[in-house]
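Here subunit A shows up in two complexes: once beside subunit B, once beside subunit C.
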Partner chain A sequence: MTKSRAFRQIRRYGPFYIMALPACIYFFINNYIPMGGLILAFEKYTVSGGIFGSEKVGLNNFRFLFQSADAWIMTRNTILYNLAFMVFGTSLSIVVAYLLHELKSTVSRKIYQTVILFPGLLSIIIVSYLANALLAGDTGFINMHILAPLGLEPVSFYSEQKWWPFLLIFIHLWQMTGTSCILYLANMSAIDPGLYEAANLDGANRFQCFFKITLPCLVPTIVTLSILSVGKIFNSDFGLFYQVPMNSGAILDVTQTIDTYVYRGLMNTANMGMSAAACFYQSVVGFCLVMFTNMLVRKFSSENAMF
Partner chain B sequence: MVKRDTGFQAAAHLIMIVMSVMVLFPLALLIMSSLSPESDVIRYGYSLIPREIDVTAYRYIFGDGSVFHSYLVTIAVTLVGTVVSVVITTMISYTLTVPGLPGKKLLSFYVLFTMLFSGGLVPSYMMWCNIFHIKNTIWALLVPSLLCSAFHIMITRSYFQNNIPKEILESARIDGMTEFGIFFQIVLPLSVPIIATIGFMKALMYWNDWTNSLYYITEKQLVGIQALLNNMLTNAKYLTQSMDASMVATDAAAIPSLSLRMAVAVVGMLPMIMLYPFFQKYYMKGLTVGAVKG
Partner chain C sequence: MKRKMMSALIAAAVGITALAGCGGNAGETAGNGENAGGNENGGAGGDSASGTEVSQAPAGEVERIKIYVPTSGKFDDMDEVMAAVNEISREKIGVEVEFHAYEFGQWFQQYSLFLSGTEDIDILANYGGYLNAVSQGAAYDLTDLLPEYGQDIIALEGDYLKSGEINGVQYAIPIYASYAWNMGIIYRQDIVDELGLNEQVAAVKTLEDWGAVLEAVKEAKPEITPFVALSGNTAPVFQYGTWDDLGNNYGVLMDGGASSEVVNLFETEEYAQLCGVLHDWYEKGYSSKDIQTQTDGFQVLIQNDAAFSTIGQTDFNTSFYQSTSCGKDMGIVMLGEPVARTYNNVTYTVMSNSEHPEACMKFLNLWISDPEVGTLISYGIEGKHYQLNENGLGCYPEGQDASSCTYHLGSNLSNINRILWESENPDYADLLVERNANAKKSAGLGFSFNTESVTNEITQLDNVCSKYQIGLECGALDPETTLPVFIEELKAAGIDTVIEEKQRQLDAFLEGGN
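Coming up: the complex of A and B.
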């Protein structure tokens, strides 16, 4: 009796498990094995010992990592850049979305939207080419066509730190504003037009409408997105921080993030242990942040919580 | 009131035009530099209005095997990767919508957990290199981190849940269709919008990926277009070194490395520019649906 029931169950659901199998195997290999591989942070890796069998060295890797200046620099950079992206990115996206939403001409709205969305499709390599065409020391547009005609000294961007905090934020906004404003645009279209009509009858002007109706209606989205990006505050776009500054050593203090540190360490066998420790640090702190922020989202707007 | 709005409309147009110009300017600079003669780029820098139009750079691209080869590598990887990952993603997403499936909660958690916690680069790199030995194989471009993502599964699942009528599936079952038959002949044809959405996102990811190549590829035969661009940016003479010996011998001094780089970059973004108008609608849908939880 139970046997035939189990058999029926398998016949009925078996095909579904088979459909799920390829993705499950993939996740096991691509995601779950490396989670176990985090043990590398506590090892002195040797080829013969492999990932799981090398000599255990306790917390030595972490001790070396946090005694170096790098740990502080990369943590500071990663967090500050992410905060800047959040603050400036969110404000700019909302303003752009609002302008697009309020434009009467649908044709020009479409054109603007298509244009500003476009950089989001480019790979970061192409973006670094574009940046290079503008910034290059000997042939760049800024040096040759703006500074030179004004009689100013050429600037060597790739070796002067002071430009990069601004440049990296600008490039990020340049690339991502079109993408992130779409979400705000969708939310703005969902606001009840009756609210605006009522406000107009009461004689409210455009600015009052924006601050009293549009913005408050967007607050749940803003909060949810910000909380989600706090969960990712230990991660950075590797290409933006590694490739756009052309992997230049002179400006490392303002371009090093945890991701670039991990990669640089990995490519240099002497730093393997510290790289693994930094990777562990990123994964574990990142996980705690995701759990913590998800708890916040669940409190604030449960329908947006991931689980 | 009406008058004030004209002012606002004008200001809005102005701001959006300035932003659009800021977006388009570097792209125009790139395209124009690729059309400039090498000597002009060296003497006057990258400029918006070329002193004369010169297509030498493009002639090198199509005359030289290595750019074309990289192009083929990227096209092949993008096509295969996109198709395989769309099939894998839609299949597991469909499983997650089956009512009463034993262990469904566990399966969702198994998928979702990959979004919460990750081992990061070091363990992944060590695993792919030392356990699976994918260094310098085509698998390195297709498989690590790109093939399947929990995020795409979530949005596909919610599409299936909301857009596939259960009655159709039931009646197909009564008619004796197999579950695979139902999936491939009924569910997928009804899901063209979500397939276009995740298909375009996957294609974009494969086309733009350069990190897998950076980590795992040193073999020139397997360098894709983005990785080629990357190599050219870090080493201006990369392409000229790798060119056919015969070509270098005849023309070594005349190979336009600066404008050539720009030309390869133009060619490298061309396919996505061409696909973009057709997929814009789906792409934007994918961006908005992503934030609304699956």
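Coming up: the complex of A and C.
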């Protein structure tokens, strides 16, 4: 009986399985087979030994991540910046998406959307030079054309730590809001217009519509996206943290993240095992966090959980 | 329910892009490498059809090896040149070669990948030290092959070959280049002439004395930054100081390696004093407030009339070299006497997974000793890629220049067994031999530090240095307050362990060597 049921299932969904097959193969080759390389994290890699035959060194490769005095600083930075990106990024994207959604003229909506999206298409190198043009000490726009005419002291941005948490979050939002608001915008268009009509009839104002209709409808998306970003909380946008501060040493305490630390430490030594250990650590912690968050979500509002 | 499906779908889509992004990032170096490698192979494969045809003729016992090198030059006609090289090498040593050249920027990104042994490489050029190749087990032990097939190299380089040796094992073959360097000031001679500062410059003995010249330049030419960093914001700024850095700055021999006691450079008075001078210049405005984030190199700034002087490594040929590459008359002031140290620039290693180590050694020997091969690889085919001028120096053929010439790897990968280029000092070869022979020698000459047992410490030290070193050495940070913190963090990161290990290895080296 079960057999015939399974058979029926396959017959019924067969075409879908076939359609999904290329994607499955892709993921298997691209994302699953390379996982075998994780073994590198526990080895002292040598060319003659190869990936699987090199000497095993246990957890030795992980030592450098925790031994350093900077371990706490980089972990703190990575997590706090990512949390800030999540909170501010999500709220800003939703607000911007809502504003765009409320625009009645399609032409102006398209124009605004393109303008907001554009920074996301810029290479981070260009962004870092744009920032440099604004912030540089001698020639920067802020120092030369804003502070100097006002008679204020010039600010040395690249050696003062206090500016950077703000600057990095600002630059990230400026760059990413465009892309992330598309998702919310798409979601908003899927909300049944009847709900708004009904609310209008009952005399609800815009704010009430937003908080009582739009936001609740977006909750599943917000939750899913948040779970996904929690999974990457130990990874950071390398370009943002490495390029934009122009590799300035004085502000490392607020710009160093796990990725930049690993890069700075291992670029010169080209140690495969230690780099692999760092990635291993990031992905394992990320994986655990995804499971954990999802578990929490399932507990408190099971319909929003991912799995 | 529908809503949930929708959100799940979107989430899946985002997840996929995110994953794809992740995969891309994680494998970036690898991915790029493979792609670029692929292109390189593909490109070469395409054009090399002719090359391979020629070389297929006498097949049989001819071995074929692949050499990977970085270059700032041109290599469009690589296959044609290699066909000419192969004709010689096939006849003389029964080896055919295939060169794979990469632009410098790309090279440095892919070097780690080359070291990982996943590409089919026989000989690898190492730029700025080969220790990583050794610690990854990527360097073939050449100890036995060298005397057997490398007689010409031994005759030419003699003791300097020790630069390629660790614990008595010959891992790398350095090219014969200038070994005696010292830190010095590189400046624009034409500005000094114009302002009549020659006497003042001649009186400069220490870095501190240079301040007066900078002051004069600042007064007379406010549009020019008197002092800039040599290569943008990369440390160390103090290269080839009066100390021998023994491969990295963690543990050095002071006074040009007069004694063999390894000390902590950053704790020395000399270092504090140098940082103090630079900080003083920074405060007085001789250097830009943005020197910490300077991204352009000295030569670019000079070419654009934006800078006057810098500090960097100098030897007998520096003013000549800088003048030709900057296109302006450049002068140098050496701060002390040049000392011969372990050569850390271009070395060649044979990959440990190469199937033709003997052929590699034979070819290196030919490349480093045969003038015909040396010239071919550096400058291409006479008449097509270069010609000889009336002084017997190489120059671009008529109607061609550096940008239109289709092959010109340049001189920095080769030995002196080649014609000299017109931009070179005509006496370069003789001067080089003479200077190398007569230079004061550091006690650590030939010593290479094996970092394997202190990798953890070095990773941390590198990170501490990226925090303070550039700032201190370009003057942006005040050494009075910062240097003690820097030293403290270095200690916490384990610099003493590294110094101890270095001392141990150096003692062993000196014992074994003498």
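The rule is simple: the second predicted complex is superposed on the first by the 208 of 307 C-alpha atoms of A that agree within 3 Å, B and C clash if a C-alpha of one lies under 4 Å from a C-alpha of the other, contacts with A are read in each partner's own complex, and residues count from 1 in each chain.
As a working rule, contacts are C-beta pairs under 8 Å (C-beta built on N, C-alpha and C of every residue); 3 or more make two chains touch, one makes a residue touch a chain.
None of the values given here were measured: they were computed from a predicted structure.
Colleague: Quick check for you: in the superposed arrangement, does A:Ala190 touch first (subunit B), second (subunit C), both or neither?
Modeller: It touches subunit C, and subunit B stays clear.
Colleague: Please tell me which partner, subunit B or subunit C, touches more residues of subunit A.
Modeller: Looking at subunit B versus subunit C, the one contacting more residues of subunit A is B.
Colleague: Should A:Val87 be classified as contacting the first partner (subunit B), the second (subunit C), both, or neither?
Modeller: neither
Colleague: If we overlay the two complexes on their shared chain A, which of subunit B and subunit C does A:Met295 touch? Say first, second, both or neither.
Modeller: Neither subunit B nor subunit C is touched by A:Met295.
Colleague: Could you look at A:Ile146 and tell me whether it touches subunit B, subunit C, both or neither (first, second, both, neither)?
Modeller: Neither subunit B nor subunit C is touched by A:Ile146.
Colleague: Kindly classify A:Cys217 by the partners it touches after superposition: subunit B alone (first), subunit C alone (second), both, or neither?
Modeller: A:Cys217 contacts subunit C only, not subunit B.
Colleague: Going by the contact rule set out at the top, does A:Pro22 touch subunit B (first), subunit C (second), both, or neither?
Modeller: first
Colleague: Taking the superposition as given, does A:Ala6 touch the first partner, subunit B, the second, subunit C, both, or neither?
Modeller: So A:Ala6 meets neither subunit B nor subunit C here.
Colleague: Looking at the overlay, does A:Asp138 come into contact with subunit B only (first), subunit C only (second), both, or neither?
Modeller: Both partners.
Colleague: Quick one: is A:Leu117 in contact with subunit B, with subunit C, with both, or with neither? Answer first, second, both or neither.
Modeller: First partner only, subunit B.
Colleague: List the residues of subunit A that touch subunit B in one complex and subunit C in the other.
Modeller: 30-31, 34, 45, 47, 50, 132, 136, 138-139, 183, 186, 221, 224-225, 238, 246-247, 266, 272, 279, 303, 306
Colleague: Can you tell me which positions in subunit C touch subunit A when the two form their complex?
Modeller: Touch list, subunit C to subunit A: 3-4, 6-8, 10-11, 14-15, 18-19, 22-23, 25-27, 111-112, 115-117, 132, 135-138, 233, 288-290, 292-293, 295, 351-353, 451, 455-456, 458-460, 462-463, 466-471, 476-477, 489, 492-493.
Colleague: For the complex, give me every residue of subunit B touching subunit A.
Modeller: Result: residues 4-5, 8-9, 12-13, 15-17, 19-20, 22-24, 26-27, 29-30, 33, 41-42, 44-48, 88-89, 91-92, 94-96, 98, 101-102, 107, 109-112, 114-127, 130-132, 143-145, 147-148, 150, 153, 178-180, 183, 204, 207-211, 226, 229-230, 233-234, 258, 261-262, 265, 268-269, 272-273, 276, 280, 284, 287-288, 291, 293 of subunit B touch subunit A.
Colleague: Where on subunit A does subunit C make contact in their complex?
Modeller: For this pair, the touching residues of subunit A are 30-31, 34, 45-50, 63-64, 67-70, 132, 136-139, 154, 156, 158-159, 183, 186-187, 190, 217, 220-221, 224-225, 228, 232, 235, 238, 246-250, 252-253, 256, 261, 264-272, 274, 279, 303, 306.
Colleague: Quick one: which bits of subunit A touch subunit B in the complex? Just the residue numbers, please.
Modeller: Residues in contact with subunit B: 9, 13, 15-17, 19-20, 22-24, 26-27, 29-38, 40-41, 45, 47, 50-51, 96, 99-100, 102-104, 108, 111-112, 114-119, 121-126, 128-134, 136, 138-141, 143-145, 174, 177-179, 182-183, 186, 205-206, 221, 224-225, 238-239, 243, 246-247, 259, 262-263, 266, 272, 275-276, 279-280, 282-283, 286-287, 290-291, 303-307.
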